[in-house]
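Each of the next two complexes has chain A plus one other chain: chain B in the first, chain C in the second.
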Partner chain A sequence: MNVQEIRPILSALLRNRTGAVLVALQVAIALAVLVNAVYVVKQRVDKIGRPTGIDVENIFVVTSAGFGAGYDHSATVRDDLAWLRGLPGVRAAALSSGVPLSGGGSSNTVYKTPEVKGEGTPVNYFLVDEQGVDALGTRLVAGRAFRADEILPEDPTYHEPMPSMIVTRALARALFGTDDAVGKVGYDGLGRPITVIGVIDHMQGSWVDWDKLDYVGLLPRRAFGPRATYLVRTAPGQRDALMKLAEGHLSASNPKRMIQHVRALDYYRDRSYRSDRNMAIFLVVVTVLLACVTALGIFALATFNVSVRTRQIGTRRAVGARRADVVRYFMVENWLITTAGVLLGAALALAVGYSLSRAYQLPRLDLYYLVGGVVALWALGQAAAWQPARRAARISPAVATRTV
Partner chain B sequence: MLAMRHISKVFRTDLIETHALRDFSLEVAEGEFVAVTGPSGSGKTTFLNVAGLLEGFDSGTYLLDGVDTSGLADDARSRLRNEKIGFIFQSFNLIPDLDIFDNVDVPLRYRRMKAAERRERIASALDLVGLASRAHHLPSQLSGGQQQRVAIARAIAGDPKFLLADEPTGNLDSLMARQVMDLLEQINEMGTTIVLVTHDPELARRAQRNVQIVDGQVSDFRPYEPHARPAPMAAAATA
Partner chain C sequence: MFGYYVKLAARSLRRNPGITSLMVLAIALGIAVCVITLTVYHGMSSNPLWWKNDRVYAVTLDSWDPEEPADDKHPDLPPPQLTWRDAEAVTASGIPLRAVRMFKGFGVVSSDAAGSVRPENAIVRVTSADFFGLFDVPFRHGGGWKAAADSGPEPVAVLSRETNERFFGGANSVGRTIRWDDRAFRVVGVLDDWHPAPNFYDLNNGAFDEPEAMYVPIGWAPVLELKSAGNTNCWKPEEIKTYADFMASECIWLQAWVELPDSAARVRMQGWLDNYVATERKSGRFQRPDNNRLTPVDQWLRDNDVVGNDNRMLIALAFAFLSVCLINTVGLLLAKFLGSASITGVRRALGASRRQVFLQHLAEAGLLAGVGAGLGVLLSLLGLYGLRAMYASPWGGVTSVMHVNAWSLAVTVALAVGAALAAGLYPAWRIGRLAPSVYLKSQ
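Up next, the complex of A and B:
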C-alpha cells in the first residue's frame, strides 16, 4: 500500500466526509478514554496487588468485647490465647491493638534525636505480644522477635515508655538511612529512647491509601481491654474450619463477653480496596462498552458505505477489480478514518492524561499505553470493517448493468 | 474475437425456471461492430452479462479472444475483463466522488500499471473523447453526454480489444446520442471490436451487423461483410 493507492480513496472520502468525520471523532474520544482508563485500571490493579508482607490468606481475626461487672480482661485474654494456641493447625495467635489492612489503626511519630527536633517519621504501630511476628506471618530479617518476658502490661494512658521496637525495612531506612537498624535508637515525642531489636522484611500497615503504608513498627505491650483483637495464623487450608471452631468455642466460653467478629484477614483487605476495585471494574466496563460502541460505529459506517455503493462496487468489479481489491478498498478507507481518529485521539489522550495527573496527583500517562491504545483502535477498526468489506466483495459485477 | 457456442443460462427460483439464454450461439469477428437487439425480456442483458464475463453460464462454450472462459476462477475472470473488455453502461456508472481523471484511472489501477503510463493513457483517452480540459471536474459537473464520453474514455483507456456497450445512449437526448455513436464508430474504425446492446433499431442500423435475440436465442443475424458499413441513420433506415 503506497500513497499512490491511497490518494483516490482519500479524495473520495474527503468529498463525502460527514459520516467519516463523526466516526473519526468517536475513535478519538474512545482512544482518549480507553488509554487513560486502562492506565488508571493498571494503577489500581498494581495497588491492590502490592505485596503485603503478611500471610493474609491464612490469618483470621477475632474481636471480643467484654461487658458487665466482673469481666476480667487479662484472664479472658490469657484463656483465649491459651485455647487458640492449643488448637491443632494454629501456627500462632497474638493479641494485637489493631488489624493490618483494615483501615483502622494507631500512629505516632518517632524522632532521630532525643531533642525531638525537626520532622519526625510517622509510624503506624501495633501493640503485640510475643507471638505477634509469627501471627502476622512476617519475615524477620535481622535481630529477634519479642520474648514473653518483655511484653509490657496494658497502658490505657498511652504515656508509658516503649523500650524496644521491631520495624520494617522501609521504616528502618526512613529513620536511620539503613536496613541494618538493630541496636539503633529512635525517640518518642517525649524524647524517650526506643531501641530497635528486630527488622522485618516488609509489612503493610492499616491504611492502604497512605503513601507510608509500610512504615510499620511492632511494640511489645498488651493492648488494653475490654476489647480484645486476636490475630490467628493457621496452617494453609485450615483457616476457614478453624474460624468456625473458634467462633463456636469463644462465643460459649465466657458469658461476660461477646465475640463481635470472626473474620478472615482478606475480608479487611478486600474491604479497604473496595473503592479501588469498584473503580477498576467500572472503568473496565466503560472501556469495553466504549470499544463496543466504537466498533459498532465503524461497522455501521462501513455497512452504510457498502449499501449505498452497491452499483459502484459492481462497476469496479466489472472493470477488473478482484474481490480482494474490493475488500482492500474498504479496509484502507476504514484505516484512513481510524487513523485520523487515533491521531486526534492521541493528542486528546495526552491532554486528558496531563489534566488527570495534575488534578489527582497521578503519575503522567505512560506512552506505552498510548501506543497500545492506537494499535488496539486500529485493530478494532479493521475487525469492525472486515465483515462489511467481505460483503462488498460478494457483490456481483453484473450489478453494474442493472438499470436501477 | 467472441465465440459463443450453444450457451444456456437458466435462472432458478423455488417456483420457476427461466431460460434466459438457450442454445445461444454467436460469433463476432475482430474489428466488427455488432448491434444486439431484442424486445424486453428477450435475454439481451443476460447475453451482455455473459459476454462481459459479469455472470457465468450453465452450459456451452465461450471463447473470448481465444481464451476459453468456462471454468475460469473469479480472479481470472476479473483479469480477463480488465484486459480484454471495455464496458460502457447505460447509466454511465461513473464514481461520483472521484474526478474525471480518477474515474478513467479505475480500470488501469486494477491492472497494476505504472503511474506514468496510466497518466499517459488517461490523457490520451480524454483527449479522444474531447474532455481533456475537464480532467479534474466531478461527474456531477458534466452533462449526461459528457459523462458518457468519460465512460467511453474509461472503457478505452486500457486499450481493450472488445467494447461492450449497454444502451449507451439510453439516457441521452438525440444530439448527444449521435455524438456518442459517432465516437463509438470512430473507436471501431481504430480496430476495436464493438458489441452494442440496444433496443433502439435506429442505433442498431449504424452497426455493421444486427443480431436479434428473441426468447434467449439468436433469431436473425446478418453475416459480417467487411467494409459494408451502411451510412449513418438515413442510409441505415433503408437497409
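Up next, the complex of A and C:
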C-alpha cells in the first residue's frame, strides 16, 4: 500500500465523515476502558495469587466456644488437640489465637530499642503452641520452632511479657535490616525484650488489604478461652474427609461447648478476596461486552457502507479494479478510522489511568498495556471489517451497468 | 399523530431486523449495566435513618497518639471509636435527648425452653437503654429496658426477630428466659424485622456485618468483663493488667451516638464536648489538636468510606459502556435513515414538514430506547441475581442492596429518555434537513 492509495480513501472519508467519527469515538472509549480494565484486573489477579507461605489447601480450621456452667477450657483444649493429633492423616494441629487470611486478627508494635522512642514496627501476631509452625505448613529457614515446654499459659489481659518470637523474613528485615535475625532482640511497648528464636521463609497474616501483610510474628502462648481455634494440617487429599470426621466427633465430645465451624482455610482466603475477585469478573464481563458492541458496530456500519456503495464498487470493478483492490479499500478505510480512534483513545486511556492511579495509590499505567490495547483494537477493527469487505469484493462489475 | 409516528417507526424498524436488534441489544446492555451499578451504589450509600439525619449524630473525639493520626488515610478525622470513660462521660452529659454507648459483643445464646434447639454462637450488642428510641427500632413484642437497667445492671434482653423465631418459634417470648453464655436473661422485647443496610451505627467490621441476635444493657460490660467482638485499638503503651485498667486505658472500642432535637442542643453538646476535652487535657490526655465531632449519619457513611473506589470506578465504567452503546446506535440510526432517504424524500415532496420528518425519526429512536429499556430491566434483574450469588453470605449482607427497586426503575426511565434523545436527536435532525429533490431525482 502506498500514499497514493490512501489519499482517495481519506478524501472520501472526509467528505462523509459522521459515521467514521462515530466509529472512531467508540474505538477511543473502548481503548481507554480496555487498557485500564486489563490493568486493574491484572492487579487484582496478582494480589489474589500472591504466595501465602501457608499450606492453604491442606489446612482446616475448627472453632469451638465453651459456654456451659463448669466448662473447663484447658481440659477441653488438651482433649481436642490430643484427639486431632491422633487422627491418621493429620500432620499437625495447633491452638491458635487467629486464622490467617481471614480478615480478623491482632497486631501490636515492636520497637528496636527499649526506650520505645521513634518508629515502631507493626506486627500481626498469632499466639500458637508447639505445633504452630508445622500446622501452618510454613518453612523454617533459621533457628527453631517452639518447644512444648516454652508455651506460656493463657493471658486474658494481653499484658504478660513475651520472651520469644518466630518472625517472617519480611518482619526480620523490617525490624533488624537482615534475614539473619535469630538471637536478635526487639522490645514491646513497655520496653520488655522479645528474642527471635526462629525465622520462617514467608507467611501472610490476617488482613489481605494491609500493605504489611507479611509482617507476621508467632508467639508461644495458649490463646485464652472460652473460645478455641484449632488449625489442622492434613496429608494432601485427606482434608475433606478429616473435616467431616472432626466435626462429627468434636460436636458430640463435650456438651459444655459448641463447635461453631469446621471450615477449610481456603474458605477464609476466598472470602477475604471476594470483592477483588468479583471486581475482576465484573470488569472482564463489561469489557468483553464493550469489545463486542464496538466490533458489531464496526461490522454493521461497514456492511451498510458496502450496500450503499454497491454501484460505486461495481463501477470500480468494471474499470479494472481487482477483488483484492476492493477488499483493500475497505480494510484501509477501516484502519484509518480505527487509527484516528486509537490516537484519541490513547490520550483518554492515559487520563483515566492517571486518575485511577491517584484514587488507588497504584503505580502509573504501564505503557505496554497501551501498546497491547492499540494492537488489539486494530485487530478487532480489521476483523470486524473483513466480512463486509469480502462481500464488497463479490459485487459483480455488471452491477455498474444495470441501474444506470 | 403520535400514534402514527410510532406505527411508522415500528414499520421502519422491521425493515432491517438485524440492525434493529443490534441497536436494541446495545441500548439494553448499556442501560442494564448502568442500572445494576447505580442500584448497588445507591443502596450502599443510602442512609437507613434519613428521617433523623438532622437529629442523630455520631460522637468522636481525638484521643489518639500525639505523634500520628488514628488513620493515615484520613488524617483529618478523629478515631472512629471512644474509650470507655469518654463514652461514659458523653452519655452522662445530660444534654442529648437520647444518648447511646455500645459495642459489639458475642457469646453463645441458648434457651431452656427449647431443649432441642442447638445453642448459637452469636453477635450480642451491649448497649444503652436509649438504643431503641434513638435509632427508631421497631418492636414486635414488648419494648426496650429502662435506663436503670443499664446501671444495675439487670439481666434483661431484647431479641431480634430471627432469634425469637429460632428459640421460641416466633411466639411472644416477653417474660421468658434466654441464656447468654449460660447466664439467664429475661426477655423484655422482641424486634420486628430490622436490618439497616448499611449498618451505619457500627461500621468497624464492615458496612454489611452480621446482624445482632440480641441486645443487653451496657452495664454488663464491667460486671462480666466483656471484650469487644469488633475492633479494639490501643496506641499508648500502658499497664493493662485488670479490667479496671482496661476501662481506664486509652484503648478505643465503643461507639457513641446522641440525639439532639434542634440546633441549640447541638451547639450546647458541641460546647460540652470541647469543654470536656479541655478539662481532660489538663490531666495529660488529648494531646492532639481539638477535633471533637458530632457527625450526622450521611456524613458518617462518607467519612467511613462505605462506598469505595471500586463502586465509583464501576459507575464510570458503566457510563463509558452506555456511551459506546449509544454512539453505536447513533451511527447505525444515521446510516439507516440516510439509507431510506428516498422514502423520506417522497414524504417531504408530498408535504410533510421538516418538523414532522424530524419527529417521525425521533419517534423511531424513542421506540428503540423504550424496547431497549424494557429488555434492559430484564437484564438488570438477571445481573443482580448473579451478583447476589457472587456476594452470598449466611446473613444476606450486602446482597440486601442488590435488588431492582422503584429507584432503579426511575433510573431506567431516565436513562431510556436520555438514550432516545442522545441516539435520536442528531440523526433525526440530519434527515430532517434533507432537500427532497435530491432524493427524488436519483430515482
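Things worth noting here:
By our rule, the second predicted complex is superposed on the first by the 403 of 404 C-alpha atoms of A that agree within 3 Å, B and C clash if a C-alpha of one lies under 4 Å from a C-alpha of the other, contacts with A are read in each partner's own complex, and residues count from 1 in each chain.
The definition used in the following text is that a contact is a pair of C-beta atoms (placed from the backbone, for glycine too) under 8 Å apart; a residue touches a chain by one contact, two chains touch by 3 or more.
Quick caveat, the model's predicted, so the values are computed rather than measured.
Contact with neither chain B nor chain C is seen for A:269 once the two complexes are overlaid on the shared chain. In the superposition on chain A, contact is made by A:282 with chain C only, not with chain B. Residue contacts after overlaying the shared chain place A:4 against chain B, while chain C stays out of touching range.
Judged by the touch definition given at the top, the superposed model places A:33 against chain C, while chain B stays out of reach. Look at A:359: by the touch rule set out above, it reaches chain C but stays clear of chain B. When the two structures are aligned on the shared chain, A:190 is found in touch with chain C, with no touch to chain B. By the touch criterion defined above, A:325 reaches chain B but does not reach chain C. Look at A:12: by the touch rule set out above, it reaches chain B but stays clear of chain C.
Residue by residue along chain A, chain B and chain C are tallied for touches, and C comes out ahead. Shared contact residues of chain A with chain B and chain C: none.
Those residues of chain C that touch chain A in the complex are listed here as 18-19, 22, 26, 29, 33, 107-108, 110, 118-121, 181-182, 236-242, 245-246, 309-310, 312-314, 317-318, 320-321, 323-325, 327-328, 330-332, 334-336, 338-339, 387, 390-391, 430. Residues of chain A that touch chain C in their complex: 18-19, 22-23, 25-26, 29-30, 32-33, 37, 40, 65, 67-69, 116, 157-159, 188-190, 226, 258, 260, 274-275, 278-279, 281-283, 286, 289-290, 293-294, 296-297, 300-301, 304-305, 307-308, 356, 359-360. Touching chain B in their complex are the following residues of chain A: 4-5, 8, 11-13, 15-16, 311-312, 315-325, 396-398, 400-401, 403-404. Those residues of chain B that touch chain A in the complex are listed here as 45, 48-49, 52-55, 74-75, 78-79, 81-83, 87, 89-91, 93, 95-99, 102, 105-107, 109-111, 115, 138, 154, 158, 166-167, 170.
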